[in-house]
Every structure is written in C-alpha cells, then in structure tokens.
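Shared chain: chain A. Partners: chain B in the first complex, chain C in the second.
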Partner chain A sequence: MISQKKHALKVSREYTQANFAWILSTIVTMILLWNSFSFKEGNIKTSVFYVFLIYAVFTSFQLFLTWKMKRDLLKYGEIQTTTRKLGYIQLFSIATANIFTAAFAFNLIKKKKTPEYVFAVYMVLTQLFILAISSFNLFKPYVTDSFIPAMGALMLIMVFQIIMLVLVAKYVQAGAAPSWMLIPAILLIITSLTGNLFNLLLGVSLIVKIRSHDQSRIIKWNTMWDKITRNSTAILGMFFIILLFSLSVCSVYTFDYDMAVENNYGALLQKPSLEYPFGTDDFGRDLFSRIIFGARISLLVGFASTLIPVVIGGFLGALAGYYSKRADNIIMRLLDILYAVPGILLAIAIIAAFGANTLNLILALSVGAIPTYARTMRANVLMVSNYEFVESARALGSSDFSIIFKQIVPNSLAPMIVKATLTIGGAVIATSSLSFLGLGVEPHIPEWGNILKIGSTYLESHSYLAIIPGLAIIGLVLSFNFLGDGLRDALDPRMD
Partner chain B sequence: MKKSLLAILVAVVLVLAGCVNTKSDVSDKANDKTDSKTDQSDVVMELLGMSTGEADMNIVRDQLIKNGFQVKLNIQPDYGSFTAQKDAGNYDLALSSWTTVTGNPDYAVRSLFKSDGDNSIMSDEEIDKLIDQASTETADQYTDTYNQLEQRLVFDKAYIAPLYNSFKAQGVNKEVLNVDTVRLAKSRAIAWESIDFVDTAKRATDPLIVQQAIGTLTSLDPIKGNDGSINTLNTNMYVRLVNLTDDDVVVSDGSLSINHAIAEGNQDYYFLLRDDINFAAITDGKAVDSGERVGADDVVFSLNRAKDKDSVPDHRTYSLHESMQEIEVVTDLSELEVKQSGSDVTVKEALENGLESKITELVEDKTAADNATGKYQVVKITTVNPFPQVLNYLAHQSAGIVSKKQVESINTYDVASFDVNKDIPYGDQNTVTEGDKYNNTLYASGPYILSHKNDYEAVFLKNPAYMPGTENEAKISNVTVRFIQDADSSLAALRNGEIHLFNGVPETKYDLVENESKLFLQKSDSNAVTYLLFNTKNREVSNSEDLRKAVLYSINQDEVLNYYQGNKKKAVSTVSPLVDTGNELVSDAAKVQEFLDAYKSTK
Partner chain C sequence: METKSESSYKIGFSEVLIYTYRKMIKRNAFKYLLYILGFPIHLITLLFYRSKQKNDTYSSILEEVKASFIASGVENEWSNEYKEQYIRKQAFFNRQVKEQEMNEEIKRLMEEKLSKRVFEKANEISKQKGVRQLTYDTYFQSLLEKPFFLLLTFIPGILMYLLLIIYSNPYVQFIFERLIMSVFVIAGVSILVFTILYLSPFDSAANLLGEAATKEQIAAFNQMHGLDLPYLSQLWNALKGIATFNLGASFTGNEDVATSIANKFPITLIIAVFSLLMAVVIAIPVGIISATRQNSFLDYSFMFIALIGLSIPNFWQGLIFILNFSIKLQWLPATYSPQNWLSIIMPVIVLGTGLTASVARMTRSSMLEIINEDYIITAKAKGLNERQVLWKHAVGNAMIPIITVIGLLFGGMLGGAAVTEKVFNISGIGSYIVDKQFIPDIPAIMGGVIYIAITISLVNVLIDILYAFFDPRIRSKMKQL
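Our next item is the complex of A and B:
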C-alpha cells in the first residue's frame, strides 16, 4: 500500500511540475534579491526589493503547495480538491509576470487536462505578456500613433480568449468537442494573425475534434500533444518562442521604431527605469525597443535560413534516397564537397563578396546547412521506401514522383522537423555572431548581435547593455532546443 | 465575475488612453524633424568608413536622416579595403581623419587640400594660393590667411564637413612608473629616454613595457615610413636637429643641436651640433658604442636623402622636405656674423647662447670637433622660399639622422632597378625579425636601438653613447614594445600590469582608468581631426555645391561631443587644433532645407 502511494508521488506529473516551478521561481527570486542590494553604495534599492518581496511571497506559497501535494499524494495517493482550490490563489502570481508559478497554477486547478486546455492557458498567458510588455510604452513621452487601437484590439482578443479558456475547460473532453465550437475555433484561427500561434493550435485542435469521427486520429493527436505539454521545458520553450514571434508581429503597431534607431543625445547610457525598462545605449536609443525589434530579425533569419535548407536539402535527399546508386552518388558526393567547407566560413565569404544585408545573411547561412538535411532525408527515405505501402503504391502504377512526394516524404518528415527546430537555435546564434563581427546587418539596425556588440564595450560600466541581449539570445536558443527535444520525444515512434 | 473584472480593466485602459500622447500629437507640437523625415527624400548619400569609425558614421547617418537625406553605409573592416573603396570612388562622403604630427599648420593642409598634395583629391586655385601664402608667413601673420582658407574650404565651397578634434590620452601605471617623467606631447611621439621607474634601482634590470597597435613595421629607415607602425620607434632610435616641446614649440632640447638660429630673410637656418652622441650598433645581442660620432656629414647625408625622391625606393616622406634647397657644413666662422631674423643679435651670438666655451673654430671633420675647447660643427640649411615652418619638418621622425657610412655600405643596390626579392635595404624589418634572415645592421643615433622583434614584441636597448652623463641620457636600459592591436585588449593589459604605459585610451574608457587606483590618466590636446571628405569625381556631391552645403549644415558637432561625453573638441578644419581662427560650424536645419531646395531645383 505504501509503495503504491510512493509510486503515485513518482508518477504524478503535477508534483514534478510543482517542483520545477518552485525551483525556477526561487532562482528568479534570488536574482532579484541579489539585484536589490547596491554593493557600491551599500544600501538597498527599494523598488527592486519590493518586487523581490512579492516574488518571495509567491515562491513560499509555491513551496507550501508543493509540500501539500506531496503530503496528499503520500497520504491519499492523489491530490485533494482543497489543494487544487489553493491553486486559484497562486493564479494571482500572474500579476507579477511569474510564468512558472502561474502556468503551474493553471495546471493544478484542473484535474483532467486536455491539450486544448493547455493551449488555451498558454494562449491567454502569451496574450497577457504581450499586453504587459507593450504597455511599458505608456511610460514613454509618447507612443506610436497606432498604439491605442492596437492595444484595444489585443485586449478584445484577450477577452475572447479568456471566454474560450473557460468554455474549453468546461466543455471540451479528451475525445470530443461540442460542434457549436466550430465558429469560435475559426475565429481563433483568424486572431492568430497577431502572431499568437497558440490561438492557431487551439483552433486547429478544436476543429480536429469536432470534424473527425475517427477516434484513432484523435487519440494520436492527443498523445502527441500530451507528450509535448507534459514536458515543462518544452512547453515553456514553445511559450517563449511564440511570445517573441507574436511580439515581433504586434510591435509593428505598438512600438515606435524610431525609438530603436534614432539617436537621442539627451538620454545617453541611462540606467534602467520605467521610461527605459532596459536603459539606453551609447547613442541614447531605447534598449527595450531595440530588443523587441531585434527579435524580428533573429526569428526571421532563424526560420528562413532553416526552411530553405530543409526544402532544398529535403528535396535532394529524397531524390538521392529513392534513386539509388548513380543519382545517389552524384547528389551526395556533390553535397559532400559543400559539407567539407566550414559553414561559418562559407557564410563570411558569401557576405564579404555580396555585402551585408538580411537577404544575403539568410542565403549565406542556408547554403552551408543543405548537406546535413539532405543526409537526414536520404536516410529516412532509404528506410521508408522499403515499406509495404510504398510497394503497393508502386503496384497500383503510381508515378515515381507521386510515390516520393505523396507516400515517402510525408512519412519521413518527423526527424526533419525535429532537426530543424534544433538547428534554428544554431541559426539564431550564427546571425548574432556575424552581426557581432560586423558582418551581419548594418550596425544601427536593432539586431541582438549588434546590440551585444555595443554592450561588450560597456561591459564594466554599463553591463546591462551586454547582459540583456545576451539573455535574449540564450533564451531564444534554449527555447528552440527545449522545444526540439520535446518534439523529438513526441514524434519519435521508438520513444513509445 | 471575470467578465466584470475585464470590463473594469477595459474602462481603465480607455481612461488611460485619453491621457496618452501619441507620436503625431507630440510632433505637431514640436512640428519639425519628424515631418521632414516622413517625406522621404530621394537624395541618397553613400557614407564610406572603417568599422573602427562605426560610432561616427552612425552619428552622421542619424543627423543626415533627420535632415531629410537617405544614407547608405559602406563599412569596410580595415584600412586597406577602405582605401580600395575610396580609390574606386564608391562614396559620396568618406569618414577621414588626419593627425598633424609635425605640429605646424602647413603640414595640416598642404598634402590634403593642395592640388598637387600626396593625399589630395581636389583642385582649387584659390586654396592653392592661400596655402602657399600662409607657408611664407610667421605665426602672427598666418592666422588671417588660414581663416580665409577655412572660409573657402569649409563654408564657401564645402569640400569637407568637419566633425571633431580629438584629445590624446595616455594611461600610466603609477605604481611602476614615475608619472612626472612620462611626457604626453600634443604632436610628437612619446620620448622614452625621460621615463623612469618609481624604484630607480630597477633601471638596469627591468624593462619598460609599452604598447603599439601595429606589429608589421614599414621600415626602420626614417625616410621610408610615416605611419603608426614606426613613428614612435624611429623617433626614439634616431636623433633629430631639433625637437618639439609638448605644446609644439621647436627647441633644441634633447636634440642633436645645442642651439639653432634663423638668419634674416627666413631662408637660412643654422644648427650648432653636439659632440657627445655616437651611433650605437647591436653586437651579440648587446647594444654597443660603434665608436662613430654623429656629425655634420651624417646630417647633410640624411637630409639630402630625405628631400631627394629618388634616394631610396618607396620614399614616403620627401614631400615633407621639399622646401629645403641646400644642406651644408659651415666652416667659415665669419659666415655666422649675419643678423638673426627679427632681432639685433647675430646668428653666432644666438648659437653661443648658454655655452660654457664660446665658438672659436668651426671644423669640417666631425672627429676634430671638441666643444670643451671651442671647436664646433655648424650645419646650414637653405630653403627654396622663406619658410620658417621648415623647423617643424626637421623635428619630424623622417628627418632623423642616420649614419652616412653605415647606410651607404648597406644600400649598395641601384635604386632604379631595385628588386624587392633580392636587395635588402637599410632598415628592412626582416633584418631585425628573429629567424634565419636576422642580420641587425641598424646604426642608431637616438637614445635606443632596436635589438630584435617578433610578432609579439620588439626589444629596444639603451644606446650607451647617447649624451652620457646629461639629463637626456636614457634612464631605463631596456624597452619592450608589445604589439596589441585592439584598444580594449591594450587597456586590459595596462590594468593587469602587463604593460606600463598605454597611449590611446578610448574616450569612453577614461573613467575606467581614472577610477583605477594604480593608474594615472594623462590627457592633452592633439592635432587629430576627423572630418567628412566629399567625393570630387562623378557624383552628385562633386558637382553640386548646394548639396555639399546641405550636408555640411546637417552636421551638429554638439551632438558628437555629447556622444563622446565631452571628450572631443569642435573643429572646422585640420588647421583648427593649430591655429585659432575663431570659426565655428553651427548646424542649421533651415539652411539645409534651403540648400537642398536649391539643389533640387537645379536638377
């Protein structure tokens, strides 16, 4: 009996998440504590210290919840309803932007979680973060002209999202969704134009459940997303990526680009404040705006320079794998030659020859990555083309082209997706490295590598100029890696 | 419950929205800059520069954009590719800088703006005339001429758009070096001989460690180079007829001459030579006295080859010395009985000023000279035209005195058919680089001699026969020059004690050095001016004066000074640090608009 309860503690996903949440929350709290002391003057910075206190309260409460869950699990083998009710209190930590405890609280209050519920929760969280981050602009002397209508629209969308969250929590079950949700689902897909891809995921997921009568398909869909959402780091990574993506889209209307590129000699090297949340750089440009606009280039280059080699490499790899011997040899040996040239050197050479701009940057980073995708695809195609369904397609007289691209490629995509997610991070780093070396985009354009470059010369006197873009790069790359890991776990059949 | 909460939230936001200033509200109030920016003009300026000037380029870009231009940046990683782009004419504006190392205004304009100057891309008769006129004038007369020159060059014709004049800053490790002995001169390179340790007992044992950015030395023959790789090194290796003080006054202190005098008419210059300097040579890794005195024949030889374009292949400094017509040894004492320029005393009396034993005899042979018994050597230099600023050029490192005997014995090749693969000229850096080709044939007339170098450092040894027993004798026996390219790395090396002296602390890092307890920051004016050079060929800016003026008045030097935290000074031209002409460039958005409209109407 006791061992069974211990087992319950071990397998409880919520307990693992609770631990994850309090550990990360403690780290953030400690960082805040460290920052609230001014070591030079030997006094306390009150504003930071208050933030620390608030965080400390929620972290302690998180610790208490974790302890209570452990007791419940050991005593009853499951988490008691009263404990789950306490989660509502922890929901308030969302006001402090503590994503770890807030996400956990949403998890705790609902006992039976569908992927749709998780999507809905993260959808609302993302929207909330976008609104909060954008509203920092209110402290500036002026906001961009489209700020108020844009914020209004974003808020209306959030109201809609919250309603959907409640509805999803109430009516959507693991196996089915009520059919009247079709119209809201379509609406959700439309609102995903703001860049909040959780809207899209939720919408698609609902439509799958409404339209599909094939239970096995629903179960497959559920298991895949279950695996991803169960993985705290993967879903957190996904949250961060989607947040940045959405910010990149919304910032067009809510942020003023001039603040990121125009020099302001009246506000050089300002320390972080409400008006300049991350301070200003040596040209008086608002670092906060620069980081936000910088995400756009990092994401664009990251995605584009991954997508291009996926398509080209995938195409070549599929041909090489299907037509063995001669075609295979010619394609792969040519790609081997390309593979032998170090990627970053190739990129530097291309940029030195054709000049530094975003398009060249994308091309330069893409070319070097083609061979690895071709190899991955070829290996998969070699395996898949021996399956019976391929043979039956051949027996039915399908053309080679339709066999490759209708039968084989769709069944070889999973490893490509995983590999792509993992290499986007590399592409983001490469972009920033090239900018740091002065080979990327023009120096005044907000790009994380550019920002870091300026920061590196002020590392001692104004360290935030280097730390913040550094953290942004680390955060995005880490997020892609976590998401990639999660996707691998979810898509790899051997992990079942 | 949740919905009502949201309703309240929306209401609050709407109320807040009422109090929010939008961009157009604000720009309506201020009603300029943002307007001109929105009407995207089609005047595109291509700005060429090096990555080291990225900050300046960004400031200029921002100012031009705010004044209705579009800017295309062309940033090159190094000086080589920058010059290649410049030669190809791929620019409207080139970010350029100039340092007048001789400390005289003529040098600051002659090679840059005169039609036949080495570095000139322009040709304007009026400017040529003003430059020539000013060169014949003395300091009190030329202020007005240079004022007219600036008017023409900058305000009337806008051939350049000035940005700023830099300071010179030097970080000294005051725990190791005696700060009072470290000089920081406006123009001249740093003199090592005066530098001393705090603990003077270490003079013979410990090296003085300094830093230099470039490790590839152009040439150790003084006339074959005029750049950052050798200026300091050759200055300390070869003595000159005269020196510059820290604020650019020409003096004989610490030079080969005891005194010098200008004869009436400003065309004849007399130098009374010392007899206590011998050339040093390197034998078995030690600096030894070669036994050969530095005398008048070496001076005549050195200056004649300095002014002769064909004396060596790759002569890089002859244009500085073209003003000299004749250099000769004076043996007739009566020749010194002419009046000194602008005074009643004779040249002889001027040369004898402060001497213990007066001049009784002038000798031709340098070994016969003995100052204690009144036997001296005198060198006379005659210039083509009256040109008092010739003295500044004589204080430049390229006028360093080399050994006639030694240079003639090494440079045996024929100049016209010089083969770089076969012939080894005097001062070739390969002869002092560690390895098979090492064969140090240098003869140094200055306080130090280069022993050997590699990619990492160069080692200098004290010349044992350089004014021994005087205050000009070198204090520290060994000097090591570390080659550290990057300013930030050099600063780090200074802070962790790897080097003792760092000349060239970046403006944004002054406070770091000042806050470090073991370091001392020396700051002084410098002659370095940064400006934008307009292309003079095949571009819109080359043809339209209006367009150039529109750019000129877009430049706001106050903002530049702001960026550098006040560690720069305003400038109008490369003459600004040397002559106070009273001119100032004031940015004026109205003028910019006016000139831009004028330019557009002619198109």
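Our next item is the complex of A and C:
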C-alpha cells in the first residue's frame, strides 16, 4: 500500500507543478530581497521591500500547499478537496503578478483539466498582464488618444474571457463541448486579433470538439495539447511569447511611439520610477516604451528569418529526399557550401555587401539557415516516403508533386516545427547581436540590441540601461527554447 | 626465398590493382576518370586492342554466326512478319500505308533483331568453347597482370596508378574523397562569398576617397585593386589569391590582407580552443551526471542552467561580466591585453557558455539514448556493476555523436567570435571583419570569412577522419564496400 501511495506522489503532475511553482517563486522572492537593500548606502529601499514581503507571503503559502499536497498524496493517494479549495486563496497571488503561483492555483482548483481549461486560464492571465503593463502609461504626463478606448476594449474582452473561463470550466469535457459554444468560440477567434493567441487556440479547440464526431481525432488533439500543457516550462514559455506578441499588437494603440523615439532633454538618464519604470536613456527616451516596441522587431525578425528558410529549405530538402540520387547529390552538395560558412559570418558578409537594414538582416539570417532545415526535411522525407500510404498514393496515379506536398510533407512537418521553434531563439539572439555590432536594424529603431548598444556605454553609471534589454532578450529566447523542448517532447514519436 | 617473396608481393600488387580496377570501372564517373588520368597508356593499349580484336576468337565466332544467319535465309521470314505487322497496325489506326516508311521501319527492326540473335548465339557458342568475350576492359586487366607492362607504364600512368592505389584501401579512399569534397566546398564558399561582395551596390572607391574625388582618382583606385576587370577575371584573381595566401592590399591603410589576417587569427583560435576545452571539461561530466540521474532535482537544475546558458546573448553576458568583475569587484581587467593572461578568462567563459550548454544537453540526450539500448541491458544482466556498464560500455559510444556536434559548434563559435571580440576589445579576426565591413573593404572581408570557413572545414574533415578509425560502425561499413 505504502509503495502505491509513493507512486501516487511520483506520478502526480500537480505535485511536480507545485514544486516548480514554489522553487521559481522563491527565486523571484530572493531576487527582490537582494534588490531591496542598497549596498552602497546600507539602507533598505522600502517600496521594493514591501513587494518582497508580499511575495514572501505567497511563496510561504505555496510551500504550505506543496507540503499539504504531499501529505494528502502519501495518506490518501489523491489530493483532498479541502486542499484544492485552498487553491482559491492562492489565486490572489495574481494581484502580485506572480505568474508561477497564479498558474499553479488555477491548476489546483480544477481536478479534471481539459486543454480548453488551460487555454482559458492562460488567456485570462495574458489579458491581465497586458492590461497591467499597459496601465503603467497612466503614470506618464500624457497618454495617446487611443489609450482610453483601447484599454476599454481590452477590458471588455477580459470580462468576456473570464465568463468563458467559467463556462469552459463548467461545461467542457474531455470528449465533447456543448454545441451552443459555437458562437462564443467564433467570437473568441475574432478577439484573438488583439494578439492574444490563447483566444485563437481556445476557439479552435472548442470548434474541433463541437464539430467533430470523430472521437479518435479529439483524443489525438487532447493528447498532443495535454503533453504540452502539462509541461510547466513549455506552457510558461508559450505564455511569455504570446504575451509579448499581444503587447506588440496592442502597443500600437496603448503606447505612445514618440516616447520611445523622440528626444526629451528634460528627462535625461532618469532612474527607474513610476513614470519611467525602466528609467530613460541618454536622449531622455523612455526605456519601458522602447523595450515594448523592441519586442515587435525581435518577434518580426525572429519569425520571418525562421519562416523563410523553413519554406525554402523544406522545399529543397523535400525534393532532395524524394527524387533520385543525382538530384539529391546536387542539391545537398550545393547546400553544403552554404553550411560551411557559419550563419552569423555569412550574415555579416551579406550585410557588408548590401547595407544594414531590417530587410537585409532578415534575408541574411535566412540564407544561412537554409541548409539545416533542408537536412532535417530530407531526413524526414527519406523516412516517410517508404511508408505504405505513399505507395498507395502512387498506385492511385497521383503525380510526384501531389505525393510530395500532399502526402509526404504534411507527415514530416513535426520535426521541422520543433526545430523552427528552437531556432527562433537563435535568430532573436543573432538579430540583437548584429544590431549591437551596428550591422542589424537601423540605429534609430528601438530594437533590443540597439538599446543595449547605448546601454553598454553607460555601464558604469546607469547599468540598468544594459541589464534590462538583455533580460528581455533572455526571456524571449528562453521562452522559445522552453516551448521548443516541450513541443519536441510532445511531437517526437520516439518519446512515446 | 627472397625472389619468391618479391614475386609474390608483385603478384599481390597487380592483383590489388586489377581488383580495384574492376571495382572502379563499374561506376561511370570513375571509369572516365581512370581513362583521363591514364590517357597515354590507354591510347597505346587501345591501338593494340584494335589490332588484337581482329584476330580475336570471340570476334571470329561473331562473324561466323552472322554469316550463318544470313545464309540460312531467316531474313526473308522476318521481313514478311514485320511487313504484316506494320500493315495491320496502320489498318487499325485507319492510316495509309507508306511504302518508303514501311521499308525503313522493317529494315531497322530487322537489324535490331539480327544483332540480338547473333549476340545471343555467339555467347552461347563461346561459352561452350570456353572463350571469354574480349572487351577493352578485360584486355586492359589482362595487361595489368603482367609485371613487365606495369614497369613499362608506371611513369606515364603514375596518376592512374596512384588513384588505383588510393582506392585499394577503404580508409585511404575515404580520406581522399573527404579531402576532395572539402576542396570543392572551399572553392564553392570562395565563389559564393566573392559573388556576394561583388554584387554589392556600394562603391568602395567613392566611400573611401570621399565625395570630392574626381573620376580619374576613382578610376585609378579601381584599377589599382583590379575592380575594373570583368567578373570572371576578378573571381579568378580572388581564388588564386586565396590559394596562394596573397590577397593583395586592403582598401584602407594599404596593409597586406593576408598578413593582417595571419596576425589576427591566432588570438581568435586561442580563445576558441580554450572555450572548447572549458566546454568539454564542464559539459561532459554534467551531461553524464544528468543522464544517470534522470528526472532528479540535480538533472532539472543542470538542464535549466544549460538552457539559460543557451539563451544568453554573448555580448550581454560579456557586459554583465565586465560590470561585476571589472567595475564592481575589480578582479579582472575589462579589456584584453596580450601581456596579461588574466584578461583572457572572461572572453573564454563568455564564448564558451553557449557551447558548454549545448554540449551538456547533447551529452545528456545521447547518454539517455545509449543507456536504454539493448546491449547495455545485456551488460547489466550479465552482472556488471553500474560503473563498469557506464564507463566501459556507455560513455564511449555516447561520445560519438557528441564529437560531431562539437565539431559543428566549433565552427559556429569561430563565426560568433566577432561579438565577443568586440565586447572585450580583442583585435581578432572577427572584429577585423566587422571593422572592415563599413567601407566595405572587399579583400579583407572575403579573406576573413573564407579563411574562417576553411579552418572550420579542415576541423570537420579531421573529425570525420578520426571517426573512420574510432567508430566501429563506420569501420565495418567501410570494409563492406
């Protein structure tokens, strides 16, 4: 019996997530504690210290919850309802923007979690974070004209999302969703125009469950998302990426671009304050707005310089893998030449020849990445083209073209998606590195590498100018890597 | 005794040659290569072959059979048959029978059939008589058997014999092919990089000489650096320059590009090699520990740190290091100087972080894959203890893919060195290229990029060759060839 309960502790996903949440929450708390002392003057910064205290309370509560869960699991083999009820208290940690404990609390209070529930939870969390981050603009001397209506719209959407969260928690089951949810689902897809892609995911997921009568398809969909969502780091990475994406979309209406690019000689090199959360740089530009607008460029360049080589490399790789040895040899040997030059070096050469701007940067980064995708695709196509369904398509008289692009390519996309996700992070780093060298995005555009370049000259006196954009880059890259790892675990058939 | 051993050696030698010749002649590309390399010999032997072919038993049999076929009068029979077929076919398609076309068709079909029949019959007869069909290749092979022929033709056919000797040993063949391939890749890289820079819309002359430059000055500049030549001759000059380490003078400062690169290369390589050492020393033990304690707290922490290491941009890490260790703590100098060995520590760590992280992740996954293999389970079932299984059976095999990854990442590290060099103010090859790209100084950029690519190719060739000797799978695969 005892070993059985120990097993229950081991397989309990919620317990793992609880551990994950308290460890990360503790780290954040410690960082806050560290920052609440100013070592030079030897006194305590009261505002930061209060934030630390609040975090410490929720972290201790999280520790308590984890301990209680462990006891439940060892004693009864499952988590008791009272423990789950305690999760409602932990929901309040959302007010402190502690995403780790908040996400955990949502996980705890619902016993049977569908992918839709997880989407709905993260949808609301994302929207909340967008609103919170955007409302920092209220401390500024002025806001853009579109700020009030935009915030109003975002809030309305959030009310709708919270209603949907409750409905989903109540009515959606693992195998089916009630058919009256079709219209809300469509509304959700429409509201995903704000960039909150969890809306889109939830909407699509609901429609799949409403429309599809094929249980195997629903089960397949459930297992795939289940594997991704149970991976705490993967879903967290996805959350951060979607948050940044949505912020870059919403910032058009809620942030003032002039704050990020126009010089303000009245506010040069200000320390972080409520008006300027991250301080200002040597031209008096608000670093907070610059970071927000920089996300747009980083995401754009990251996605574009991954999508282009995925398409080109995938196409070439598919041809090389499907056709004869000669075509294969010619394509792959030519790509070997590209492969022999390190990507960033090739990018430097291309930019040296054609000039530094965003478009050239995207092209330069794309060219160097083609061979890796071609190799991945080729290996998959070689494997897939031996399957029976390809044989049967050929027997039915399909043309080579339709066999490749209708049968083989869709079935060999999974490793490409994983690889692409894992390399977007690399592209983001490459973008900022090249900008830092003066070879990337034009210097007047607020891009994280450009911001860092300015910050590096004020390293001694105003180090936050260099630290914050770096943290933003790491956050985004780490998120892509987490998501990529999660996708690999979910999509890689070898792991089954 | 001595003569005997010598002769046996000689026989062995020519046998090896014949065996390799037979193997190579099967593939068209090699066949033509052999013909070209041994052109003088093949020309002469071909003449001998022609004269021999005439009084060859096989060809006389062929003649006889042909004569007998024609004499037997089957031709008429076939002709009627084909004629009937043709007419029926035209009738089926409702077409007019054209006399001339029909005769041509019949003649063609007849000849085809005749030669086929003759060939079949002749083969049958020669098989009974035990005569081998004489082709040029069999004739040449019979010549190779004769030591006298070998001695006589060794000097003019040295190239062909060298190729045969190279291909007689699978290892040498592999190394040779790998080297040839990398020569092609290097040439391709040179052409690619040159073409990219050639297509540049920037006018280096106008950038350098300023707006006030006269047409004559620009023309003189272009002429001095060979920029007024057509594409192909510029390309040829560039390729020649790369092969002979003579890239001419750079556009600015009038320094010799090859010398500058040679001066700046060592420091980049030193930092890269130290980073590599750091990565290997740290990452492989970490990976092994993580794999052996899969899903433990230690494993999670290591992999979390590795992922963070993978996500940190080099330049940011460099800046943070400078901020903490140079400005705040004042332990290490912020910029590199050749006299102070302490100043190399930070660049090495910064450049090596990404590599360390990838190698640790790779080691873990490779070890996990190996640990679950059947032969490891067998080893455990046989009663070996964990340590023996791990160190004698698992680690060695897990290292194989890791070495490839290290080779590939080493290339990326050399390429990415530019950023680290810029942060720590190291005058290595990377920062040299970046400094030169604003003009753009074409010979300098081209030289830098191509020589880095060449270094990387050579490292990868070395790794591939080492594999051929160490990986038992590749070894057995090569022996089957």
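Assume the second predicted complex is superposed on the first by the 496 of 496 C-alpha atoms of A that agree within 3 Å, B and C clash if a C-alpha of one lies under 4 Å from a C-alpha of the other, contacts with A are read in each partner's own complex, and residues count from 1 in each chain.
We adopt the following convention: contacts are C-beta pairs under 8 Å (C-beta built on N, C-alpha and C of every residue); 3 or more make two chains touch, one makes a residue touch a chain.
Since we're looking at a predicted model, the values are computed, not measured.
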Task: Residue contacts with chain A in the superposition, chain B compared against chain C - done: C
- [ ] Please work out whether A:Met151 is in contact with chain B alone, chain C alone, both, or neither, and reply first, second, both or neither.
- [x] first
Open item on the list: Quick one: is A:Ser392 in contact with chain B, with chain C, with both, or with neither? Answer first, second, both or neither.
Closed with: neither
Task: Partner chain in contact with A:Gln173 - chain B first, chain C second, else both or neither - done: neither
TODO: Answer with first, second, both or neither: which of chain B and chain C does A:Asp256 touch in the superposed model?
DONE: first
TODO: Check whether A:Glu460 is in contact with chain B, with chain C, with both or with neither, and answer first, second, both or neither.
DONE: both
- [ ] Considering only the touch criterion stated at the top, classify A:Ala349 as touching first (chain B), second (chain C), both, or neither.
- [x] second
Open item on the list: With both complexes overlaid on chain A, does A:Asn35 touch chain B (first), chain C (second), both or neither?
Closed with: neither
TODO: Considering only the touch criterion stated at the top, classify A:His444 as touching first (chain B), second (chain C), both, or neither.
DONE: first
TODO: Scan A:Arg333 for contacts with chain B and chain C and give back first, second, both or neither.
DONE: second
- [ ] Across the two complexes, find the residues of chain A that touch chain B and also touch chain C.
- [x] 438, 460
TODO: Give every residue of chain B touching chain A within the complex, in rising order.
DONE: 2-3, 6, 9-10, 13, 16-17, 20-26, 34, 51, 54-55, 57-59, 61-62, 66, 73, 75, 77, 488, 508, 511-512, 558-559, 562-563, 565
Task: List of chain A residues in touch with chain C within their complex - done: 333-334, 336-338, 340-346, 348-355, 425, 429, 432-433, 436-439, 452, 455-456, 459-460, 463, 466-467, 469-470, 473-474, 477-478, 481-482, 485
Task: Contacting residues of chain C [partner chain A, same complex] - done: 181, 184-186, 188-189, 192-193, 196-197, 199-202, 307-308, 310-316, 319-320, 322-323, 327, 411-412, 414-416, 418-419, 422-423, 433-434, 436-438, 440, 445-446, 449, 452-453, 456-457
TODO: Flag every residue of chain A that touches chain B in the complex, lowest number first.
DONE: 138, 141-145, 147-148, 151-152, 155, 159, 162-163, 166, 256, 258, 262-263, 265, 268, 282-283, 356, 438, 442-444, 457-458, 460-461
